[in-house]
Amino acid sequence: MRTNKAVELMLKASAILVVMVLIFIFSFIFFKSLPFITDNQLSSLFVDDGWYPTTNNFNLFPIIVGSISIMVVPLLLSAPLGILLALFCRYYAPKSLAKVYIALIELLSGIPSVVYGLWGVLVLVPWIGQYAPPGASLLAGWIIIAIMILPLMVICVDNQLALVPKKWLSGAQALSITRWGTIWKIVLPSCISNISSGLILQTGRALGETMAVLMVCGNIVQIPTSMFDPIRTLTANIALEMSYATEMHVSVLFMSGLILLLMTSILMSLAYAFKRQPVE
Amino acid sequence: MHSRDSQLNNARVVNHTMTIIIWSVALSTMLLPLSIISDVFIKGLAHLNWSFLTEIPKNSGREGGISSLFISNSLILIVCLAVVIPIGITTALYLNERVSPNDKVDKWIQISLDVLAGVPSIIFGLFGYVFFCQILGLGFSILSGGLSLACMVLPLFIRLCENNLKNSPASYREAAEALNISHTGFIIKVLLPSVAEGIGAAVVVVMGRALAETAVLIFTAGYALRYPNSLFDSGRSLSIHIYDLAMNVPGGMPAASATAIVLFLLLIILNALVRFSCRRL
Amino acid sequence: MDFMKKNIKTLNLQEKLSIGKKAATLRIENLSVYYDQQLAVNKVTLDANPNEILALVGPSGCGKSSILASINRMNMMIDDCRVTGRILINSENVLTDQYSLTKLRQKVGMVFQSPNPFPMSVKDNICFPLKDHGLKSKKDREVRMFDVLQQTGLWDEVKDRLNQSALKLSGGQQQRLCIARALALKPQLLLLDEPCSALDPKATEKIEILLQELKSTVTIVMVTHNLAQAKRIAERVAVCWSFNGSGRIVECSQTDIVFNRPASKITEEYFSGVAG
């Protein structure tokens, strides 16, 4: 095709602009956390006497533990459920029901986390509080997050199932292999690594979730000893403190943002590692 | 013979068990999200009436309505989309159309888009608060909020557009190539119109994402309840209103639930729009 | 004065877009096509005379499309595709960088296997490429559109829905529209890659009649799997065959010779359904 230098240049410029914005955001976060890295030992994040940022005690460890603990259990809860539900939509439900079901799932995946949080405050926290006061707790966070990421997981598994070649299924049908046999021996093995990849990516969502966690987890800085203990996550911590933070406190908040980024990047590289080219 | 028969039977039994399990799991699991929605509706419906939509909030939002928040939220969305749509489409075009493919640069753009898409939204909030509000001096304002939001949804929008462009039929490109149409003409007259619906759907998806977002906006768009006078005014989004009423305003629950219903209905409308435009593809 | 200038300018453009009043001579010499080191077409030599239809037949994968796509340098679009040899159109080698792509693509029209009109109105399908090539006057474009639609026998069928989407036409109409679109640029050589394989017999017949008429103005090179079709409309037939994965032309001569007294054993067996 005949190319037009000016137009090509414009397209390129916008791509470069996007990349620059990206680089800018990352380096901004990095440079903002530099004062903390240079003034304090990084180890102070783990050995200080607790999280009292106004008096320069920056032990972030309980908060990091909070972030990790809030993400693992929901993954274990909703990954198998997500796979089952996606299988249901594709191989069990009649077409019309599957359509409605997927539409419902998509709708649920769009519900704002603040609405889930609202329900947590309205129903879940008082309910848990009846048995184990105060109610705002790790458990509440688990339940909310699990419910929140379930639709995302179903969609992600369903997308992978859609890529399984139809001819394999009809081949199995011709041999009168049972439905579950087909799923277990043919469908799942062919796409399980891509499914895992997607599920790990969705876990990143749990890690980055702010509002729901902020609303139902109690936000007390401590290493939880039971699931009824309130906890605080990195995201909630940033949301709670950035409006009044000054100087070193701002810097350590950016530092915690950097840690959050690092954790999501690890999850993402894991997801990349699991990813396979779909079969022909 | 015997063992083969029993194996067959085994498979059948497992098959039936799994069928029962999957059906019951599928039908029961959905009860939970549905009960969430109904809980919120029950709490909020009593508070929801016409004046709730047309009045400005009073008494920290416990009374009155949410009319001014509609304006603030729409302005935030407009700022966000005004930035995201042009940059997003041109970048997606670049990624899809680059004349001399340069694998390395390309790969880096792709990776950074992926990474940016996975960045927790609160980090954009933090970035926006320090960069737009403080360093650029925009303060808590609709502009700061919209721009921070734009940073967050840009990667998603680029991805969606890129996928759409990829799915545009190769035969159009072949024909244009054989006729030696100019690249610009091809993009404007053939390529973009052929994916217009898809891009429209992408815009709506991004609007939904932006409407649902809270963490980015808390400390960028601010909390003001009045009608904004300009883009430099602070203005509260619906999502922040829900958060604030639920957490910081004793007795704010009914109003929070009513706002959640409104937000939820808006999202349903957007969702229906996406489905409608996708069906037309 | 101004008016005159404008007129002269349009005239120039008119000329620019109608260099090809005469059908072209095509000569392919030692053409080889590689896909990523894999030799797909091996030293093919072939020619087509003005005002004739040359049919290119042969089994699947023997390189017919590759030969065709080399002629207007379409396989440039494919990464790691390399073409060597010479292709002469009116004695000018078009495989050199000096030969401008614009000129080449205008001289050589191409029609594909499945109809691929642009997703725009019937009218725009023909007028947009003309406008894009610099034919500024709306009237000229419309005259040209009328001409080619007449020529392809589409005018009566579509004159009432010129502003409707071209995608709403039937498959056969779409394919004729694609031919019309190619003709609008006044090519001297028309390449068709299995133009009828997606069409029913009735639509195929219409296209065959059209091609017969068109050869008075353009040279036509056409790939087809339909031997009967080649017999019906081609002046000459070239048989392509794959040897160890590389395509060669085993024979190329008058249609009746190829079908009745083939020089090559392979041709004979291919036609009788023994080989291929």
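Per-chain numbering from 1; labels A, B and C assigned in written order.
Definition applied: a contact is a pair of C-beta atoms (placed from the backbone, for glycine too) under 8 Å apart; a residue touches a chain by one contact, two chains touch by 3 or more.
Being a predicted model, the structure only gives us computed values, none of them experimental.
Of all chains, the one whose CA centroid is most distant from that of chain C is A. The central chain here, found by comparing per-chain C-alpha centres with the mean of all protein C-alpha atoms, is B. With each centre defined as the average position of its C-alpha atoms, the distance from chain B to chain C rounds to 47 Å. The centroid of the Cα atoms in chain A and the matching centroid in chain C are 54 Å apart.
Chain A and chain B have centres, each the mean of its CA atoms, that are 16 Å apart.
Each of residues 101-102 in chain C touches at least two other chains. Residue numbers of chain A whose C-beta contacts span two or more other chains: 2.
In chain B, the positions touching at least two other chains are 176-177, 180-182.
On the side of chain C, the complex with chain B involves touching residues 72, 74, 77, 79, 101-102, 104-106, 109-110, 112, 114, 116-120, 124, 128-129, 132-133, 178, 181-182, 185. The touching residues of chain B, counted against chain C in their complex, run 101, 169, 171-182, 185, 189-190, 193-194. Against chain B, in their complex, chain A makes its touches with residues 1-4, 7-8, 10-12, 14-15, 17-19, 21-23, 25, 28-29, 32, 81, 84-85, 87-89, 92-93, 101, 103-104, 106-108, 110-119, 121-123, 147, 150-151, 178-181, 183, 201, 204, 207-211, 214-215, 235, 238-239, 242-243, 250, 253-254, 257, 260-261, 264-265, 267-268.
Note for the complex: chain B touches chain A at residues 11-12, 14-15, 18-19, 21-23, 25-26, 29-30, 32-33, 36-37, 39-40, 43, 86-87, 90-91, 93-95, 97-99, 108-109, 112-116, 118-127, 129-131, 151, 154, 158, 176-177, 180-184, 186-187, 208, 211-215, 218-219, 239-240, 242-243, 246-247, 253, 256-257, 260, 263-264, 267-268, 270-271, 275.
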